[in-house]
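Next up: the structures, one after another.
In what follows, subunit A forms one complex with subunit B and a second complex with subunit C.
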Partner chain A sequence: MKTRVSLGRRARAEWREARPPRALWPVLALPGVGWLCVFFVVPFYAVIAIAAGGVDEFAEPVPEWNPLQWNGSLILDGFRGVLPGGDQSNAMQRTVQYVSLALFACYLIGYPVAYYVARLGGRRKGMLLLLLLAPFWISYLMRMLAWLNLLQTDGYVNDVAAVLPFVSPTNWLDGRWYTVVFGLVYGYLPFFVLPLYSALDRIDQRLIEASRDLGIGPIATFRRVTLPLSRQGLLAAGAITALPMFGDYYTQDLLSQSPSTSMIGNQINTFLRSGASKQTGAALVLVLSMFLAILMAYYLWSTNAASTEVR
Partner chain B sequence: MTMHPRERRGSDGGSGRSRLQHARSGLWVPGRRPLPFDRREFLRRSAMTAIALPSAGAILAACGGDDATSNPSGSGSGTTWPQIDGIDLSRPDHPVQLPLKGEPIADGLSPERGPLKLYNYADYVNPDLIAAFEDEYDIEVDYTSFTEIDEAMTKMTSGGVDFDIFYPTIDRVAELVARELVQPLNKSYLPNLANVWTRLQSPFYDVGAQYTVPHTIWVDGIGWRSDKTDKLPTDYANPWDILWDSANRGKVWVLQDDRDTLALPLVRGGDLDVNTEDQAKLDSSLEELMKLVSDVNVKVGAESYVKVPEGQAPIHHTWSGDMLGAQSFLPDGVDASLLGFWHPEDGRQIIGNDSIAIPRAAKNPVLAHLWLNYVLDVDNSILNQTWIGYQAPLTAIDPDRLVADGLVVENLASAIVREADFDVGVQLMQLTPAGEKRWDTAWGTFNGG
Partner chain C sequence: MTTRAATDASKDSAQISGSSGIRRRSISDWYADPFRRPRTLAAITWAYIAWSLLPILITIRISFNEGRSRSSFQGWSAKWWTGPGDSLLHNPDLSNAMRNSVKLAVLTMVIATPIGVALSLGLARWRGFGRRPANMLMLIPLVTPELVMGGALLLVFTELLRSIGLGQTAQLIGHVTFTISYVVVITRGRLFTIGRDVEEAAQDLGATPLQAIRTVLLPMMAPAVFTSAMIVFATSLDDFVISAWLASDVSDETVPIRIYSAAKRAPTPSLNALATFMMVCTFAAIALGMVLPRVLRRGEKAARGSSVEEFAALDL
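Here is the complex of A and B:
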C-alpha cells in the first residue's frame, strides 16, 4: 500500500515536471486573441464610433472614440428603420425571406449530397470531396458572372427551358426574386455541404449497425439515429451559410439590380458609399450584427444542448 | 452620394495599367472595337473642320440667356448664401472665386522625371494619348482608377497618396480647395487653356480656373436599342414617360446615381431646380421613383454603355457620353444603327462637365501642368474622344462635324452636346451637408424598394 502511494506521488511529480508551464496556455491563445482584436474588436468599435459620432463640415463622419460622448440616436433610427413601417423594413423583410428560402434549398440539396459522400462514398469519397471543393477554386464573383451569361435571354438556360415541358424561356435577369435566391443557393451550397459532410462522416457506423441489428428498418434508422446525430452538423452548416448570406449584396447586384430585390446588404453598401450617409450605413451594420448575434446565440445554445444530451 | 458618368465604366481592379499595356502592345482589348477610321485620318478631318468653321457654340453662347439658375436652398433668394466651410456654393448665377490656398509653382521650371501618377475613373483617358505623352517627355505614366468619386475623395483625404493628377467632379472642387488637397495652377504652363470654350476658361465653380481645367461634357437623356423595345421616347407626349410606362415592364433602367436619378422626376415635370434641398420636392421625387419599382420593376445600373448595346437594358436613363461610347461595345452582328438617344429638345435638362486638378501632394507638379496642357491640345482631345466617347469642350471641335467625320453614327447625333446646351441646361452642383443627407436618405429608400 505504501509502495503504491509512493508510486502515485512520483507519477504526479513526474507529470508536473513534464507538463508545460502554466503560463504557456495563455501564450498559445495570443495569436487568436490578437487577430480578433485587430480584425474584429477594433473595426467593430470603429463602426460604433462612426455610427454614434458626428460629421464634419463636409458631411464626412467623424468617429467619436469616447463612449461617454456617443450619440445613439442614429443607431436607434437604424433599429426603427428595419421594423415594420421603417425605411429599410422592405429590404430587411426581403433579406429574411430570401435567406430562409435559400437555406431551405441548401438543406434539400446539400443534405443528400453530404450524406452520400460521407456514408456511401466508399473508395470514391476522396474524389467526391475534391469535387465538392472544386467550386472554391473559382472566385465567387467569377461563378456569378458565369451565371450572368447563362441566364441571359439568349443563354443556355433558356435553350434548355425551351425544350422542357414545365418551364418556359424567361428573362431571368429581369429583377426576379427567385434568380437572387438561386444565386444565393448556388454561391453558398459548398459552404453548407462541407461542415455537414464532416459531421456525417463522424457518425459511428456501429450505432447504425446496432439499430439495424435490432430490427429497425433503414428509414426508421435514418430518422431515429442518423438524423439526430447529424443535428449539430446541420446547425453548423446552417449557421456558416446563413451568416454570410444575410450580409450578401453582390449576388443581388449581379443577378438583379432591381430595388424590388434589394437586401439589407445592398442598403448598407448604398449608404456606406454615399457622401453624407455613411453613419446610416454604419448603424445598419450594427443592426445586422445584433440580428446575427441573436441567431448565433441560438446556434450556440442549440449545440450546447445537443452536446449535453450526448453526454 | 454624387456619382459621375465614368463610375459606370467599371473597375479593372483598381489600376488601369494592364489595359494600357494591352493598348500599347497593340493587343485586342476585350469589349472595345476600333473606330471606323484611324487616328491620322480623324485628326486630318478635324483639323480641316477647325480651320473651316468658327465656333458656332461661342456665338450661340453670346446670344443665349441663362435661365439655368438654381438657388442652392431651393427656397428663393435668401439673405445668406449657403456655404461649405466658408466657401459659397457655386451656381451659374453665383460664380465663386475659390480662396487661394498655397502658391502655384514658379514659371519656367523643368519637368520632373516622373512617373506621373494619374488618379482617374477607369477608361477615362485614351491609352494612346498616355503613350504619346510618355514618348514626348520620356517618362512613365502610372494610371490608377477609382469607381466613384466618394471612394476617390476618401482616398484623397486620407493623406497617404501622392497623385500628380486628379479628375474630380466639379461639385467637389470647393471641398478639395477647402481641405487644401489641390494646388493653384500656374497658367504660364497652360497655353492650351485658350482652346477651351470661353465660359469654361473661367467656370462659375472655379472663377479664373485657379485650380482646375475642364475635361468632358454630357447631358442626361434616354438611351435605347431599337430592336429591343416596341416604343421610343418620341412616341410619348412627354418622352420621359417611356420610363414609367408599365408596357415596358422589365425593360427600364435608371442611372445608379442619386443626383441624376432623384432629379429625373423633377426634370420630367419641367422643374429644373435639381440642386434643391427642399424635403417636399425630394419626397415627391421619391414617390415618383417608387412607381418605377412597382410599375416597371425598374433596374438600377451604371453600365449603360455596355448593357444597352448588348441588349440587356433596352431602355436606359443615361448620359450622352455613355451612348457615344456604346458604339465601341456592340456585340458581333449588332449594328450601331440600332442605338438611339433622346434628350429634351428644348435643352431643359441636366448637363455637366468634368474637371482635372493637381493635388497638393503631387511630386511632379511641373510634369502635371504639362499633362493638363497636353490634354487640352485639340488633336490630343480628339484622340481622347475617339476612345472614351465623351466630348471635350474645345472651340476647335465642331459638334456639327462629328457625324460627317464618322465619329458618331447618325442615329446618335442627338447625343452630341453643344455649348449652347449649357445656356439652358442645369448642372448638378454641391449641396450643403444637410441637403446631401436628404438626397442620400431618399436614394437609400428608393434602393430599398
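Here is the complex of A and C:
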C-alpha cells in the first residue's frame, strides 16, 4: 500500500503491468470450486431431478435430468405434504415446536453465560472459554450417549428425581417430547454460546460505562445499550443453531424412538434410507432446504457484513 | 446503625459507596452499584459448565466400571478397555470402527487441506468476475444442515454416480466436501493479516508469482494451515450424519455410527471406552492445532489475546 502512494502515475502503470498474470488466482481456486461443483451443486441438482422426476412401477425413482421436463406438481405435492392437512404435517409441526422451544431455552441459558464470559470473565476468561469450547469438540453422539446412560430407569437422573420434591422417577426414554427438547438444548447450546460470545466480546465497554455515567440504571442500560448492540449476535447464533436442529433426527432416535415424537429429519431418514420412497424423501429434502434457505441467507449475510466491518 | 445507613443511602447513594465500605448497604444501593460482583451470572455460567461437562465425566467413569452396568458406578477396572472378550482392544467391531474413523479422518485431512488452502489463496487475491459466486459456493456448505447435504450425496451416489456407489470412497468424498470450507475460513483470516506487502516485495525482488507463494506466503501461512488440518481431522472424526448416510454396510462403520447403532441395544461399558478414546483423539488434535502454531509464531510480535480466544472468535 505504501509503495503505491510514493509512485507516480506512470510508474504505477508500469508496475501494474509487471503484476502476476491475473489467471493465477482463479487457477488456484479451480480445484476447490470444481470439487464443490461436482460434489455439492450436482448432488443438489440430483435432489431436484429426483423430486421432480416421478417413480417407476417398483417405486424406484426415475430422475429427470432435463429441467424442461420437470414435473412441478410433484414438488408442489412435497410442499402440500408439510402444510396442515398433509401427510407430513404432524412431523413438521412437531419439528417447529421442538426447535422453537429448544431455541428459547438456548436464549435463556446461553445469553447469561456468553455475557458473563465475554464481559465479566476477567482473569478467568481463558479458562472459562476453554470449558465452553470443550463440548464443541466432543462428538455429538458421545454427548447423547452420556444422557442415554444417565436417563436409564436405574440411572442417576432418577436417583436425583427420587430425592427432589417436584419430580418423580420416570422412564424418560419412552417417547417423551421434553426429553427430545432437552436433548436438543444440551446438544446445540455450545454452538449457540460461541458465536454469541464473540459478538458480545466486540461490544465497546465504554458505551455501557457512558450509559451508567449518565445515570441510567442497570436494567435500562441493558435494554437500551447492551441488548441492541448484541442483536446481530443473537440473531446469528439463533440461525446457526436452528439450522442443524431442523435437520436433526438422531437426537430423537436415541432419546425417544417413538413415532409420536418423530421430526421432519426422521421422516427424511426413513424415506431416503430404508428405501420406502426416495422420491418422497427427495421432495422433503427440497422443501426443508427451501424453508431453511431464508435462515442460511440471513446468517451468511450477517456474518459477511460483520467481517467486512472489521476489515 | 442500619437505619442511619439506609437514610443516608436514600439521600446520596454515591457518597455511601465512595466513603464508607463498612456500613451495611441497602438493597437499592447494592442494585445500583456498577462494581458489585456478578454473582448470579457467575452461578448460571458455572452451573451451565457443570451441566455440560458432568455427564461426559460420568460416561468416562463408567468406561472403567467393574460390572456391566452403564448407568451406575461399580468399582474400578480397565477390563472394558484392555480385557479379553468385549473390550476396546479385543472386540473386532469396536476396533474396526476405530480403524475406519482414523483412516477416514487422515485421508480427509490430506485431501481437503491442500484443496482448501489453494481455494483460500485464490479467493483472497482473485479480483473480477467469478470471485463472488465462488465465494458463495464456498460459504454455503458451512451452513447447510448435514441432513440436507447427506441426503443429496446419498441420492447422487445411488442414482447418478453409481460407479462410485456407497461405501468408504463415498464417505471420503462427503467428508472432503464439507471440510474444504473450514480450511478456507481458517486460513483466510491469516491471509488477511499477512497482507499483500511481503508477497509484492518478493516479486519486486524478482520472484515469479508462484515462487512468491511457495517461498514467502506459504511458510507464513503454515501455522494456520496446520491448525486447519487439525480441525479437519477432528471434525471428520466426530462426524456422524455424512458418514452414516454414505456407508454401505456394517464394515464401513465409524465410531459415531457405532455409538449410534450400539447405544440403542443395551451396550456394555466398552462402548463408553470407545467414545472416551475417540474424545481423547479429538482433543489431542485440537490441542496440537492450538498450541503448535503459537510455538511456531513466537518470534513474531505477540498476537493479541490468548489462543483460546482466537479460536473462539472464528466464525465458522
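Heads up, the rule we're going with is that the second predicted complex is superposed on the first by the 244 of 311 C-alpha atoms of A that agree within 3 Å, B and C clash if a C-alpha of one lies under 4 Å from a C-alpha of the other, contacts with A are read in each partner's own complex, and residues count from 1 in each chain.
We take it that contacts are C-beta pairs under 8 Å (C-beta built on N, C-alpha and C of every residue); 3 or more make two chains touch, one makes a residue touch a chain.
These figures come from a predicted structure and were not determined experimentally.
Enquirer: On the A-aligned overlay, A:257 touches which partner chain: subunit B = first, subunit C = second, or both, or neither?
Expert: In the superposed model, A:257 contacts both subunit B and subunit C.
Enquirer: Now for A:58: first (subunit B), second (subunit C), both, or neither, which partner does it touch?
Expert: The first partner, subunit B, only.
Enquirer: Return first, second, both or neither, reflecting whether A:129 touches subunit B, subunit C, both chains, or no partner chain.
Expert: The answer is second: A:129 touches subunit C but not subunit B.
Enquirer: Counting only touches as set out at the top, which of subunit B and subunit C does A:120 meet: first, second, both, neither?
Expert: So A:120 only meets subunit C here.
Enquirer: For A:112, using the defined touch cut-off, is the partner it touches subunit B, subunit C, both, or neither? Pick first, second, both or neither.
Expert: A:112: touches subunit C, not subunit B.
Enquirer: If you stack the two complexes on chain A, which partner ends up touching A:265: first (subunit B), second (subunit C), both, or neither?
Expert: second
Enquirer: Between subunit B and subunit C, pick out the one touching the greater number of residues of subunit A.
Expert: C
Enquirer: Going by the contact rule set out at the top, does A:36 touch subunit B (first), subunit C (second), both, or neither?
Expert: Second partner only, subunit C.
Enquirer: In the overlaid three-chain picture, which partner chain does A:152 touch, first (subunit B) or second (subunit C), both, or neither?
Expert: It touches subunit B and subunit C both.
Enquirer: Does the superposition put A:273 against subunit B (first), subunit C (second), both, or neither?
Expert: After superposing on A, A:273 lies in contact with both subunit B and subunit C.
Enquirer: Subunit A residues touched by both subunit B and subunit C?
Expert: Touching subunit B in the first complex and subunit C in the second, residues 152, 257, 273 of subunit A appear in both lists.
Enquirer: Residue numbers of subunit C touching subunit A in their complex, please.
Expert: 31-32, 34, 38, 40-42, 44-45, 48-49, 51-53, 55-56, 58-59, 62, 69-72, 115-116, 118-119, 121-123, 125-128, 130, 134, 136-141, 143-149, 151-156, 158-160, 173-174, 176-177, 180, 184, 192, 195-197, 200, 203, 208-210, 212, 234, 237-238, 240-241, 245, 255-256, 259-260, 263-264, 271-272, 275-276, 278-279, 282-283, 286, 306, 308-309, 311-313, 315
Enquirer: Inside the complex, what are the residues of subunit B that reach subunit A?
Expert: 1-2, 84-85, 148, 150-151, 153, 157, 175, 178-179, 250, 253, 258, 293, 297-301, 312, 433, 436-437, 439-441, 443-449
Enquirer: Quick one: which bits of subunit A touch subunit B in the complex? Just the residue numbers, please.
Expert: The touching residues are 55, 57-60, 87-88, 90-91, 94, 152, 171, 173-175, 256-262, 266-267, 270-271, 273-277, 280.
Enquirer: Help me check something: in the complex, which residues belonging to subunit A touch subunit C?
Expert: Listed in rising order, the residues are 1-3, 18, 20-22, 24-33, 35-37, 39-44, 46-47, 50, 61, 63, 109, 112-113, 115-117, 120, 125-126, 128-135, 137-150, 152, 154-156, 186, 189-190, 194-195, 197-198, 201, 212, 217-218, 240, 243-244, 246-250, 253-254, 257, 265, 268-269, 272-273, 278, 281-282, 285, 288-289, 292, 295-296, 299-300, 303-304, 306-307, 311.
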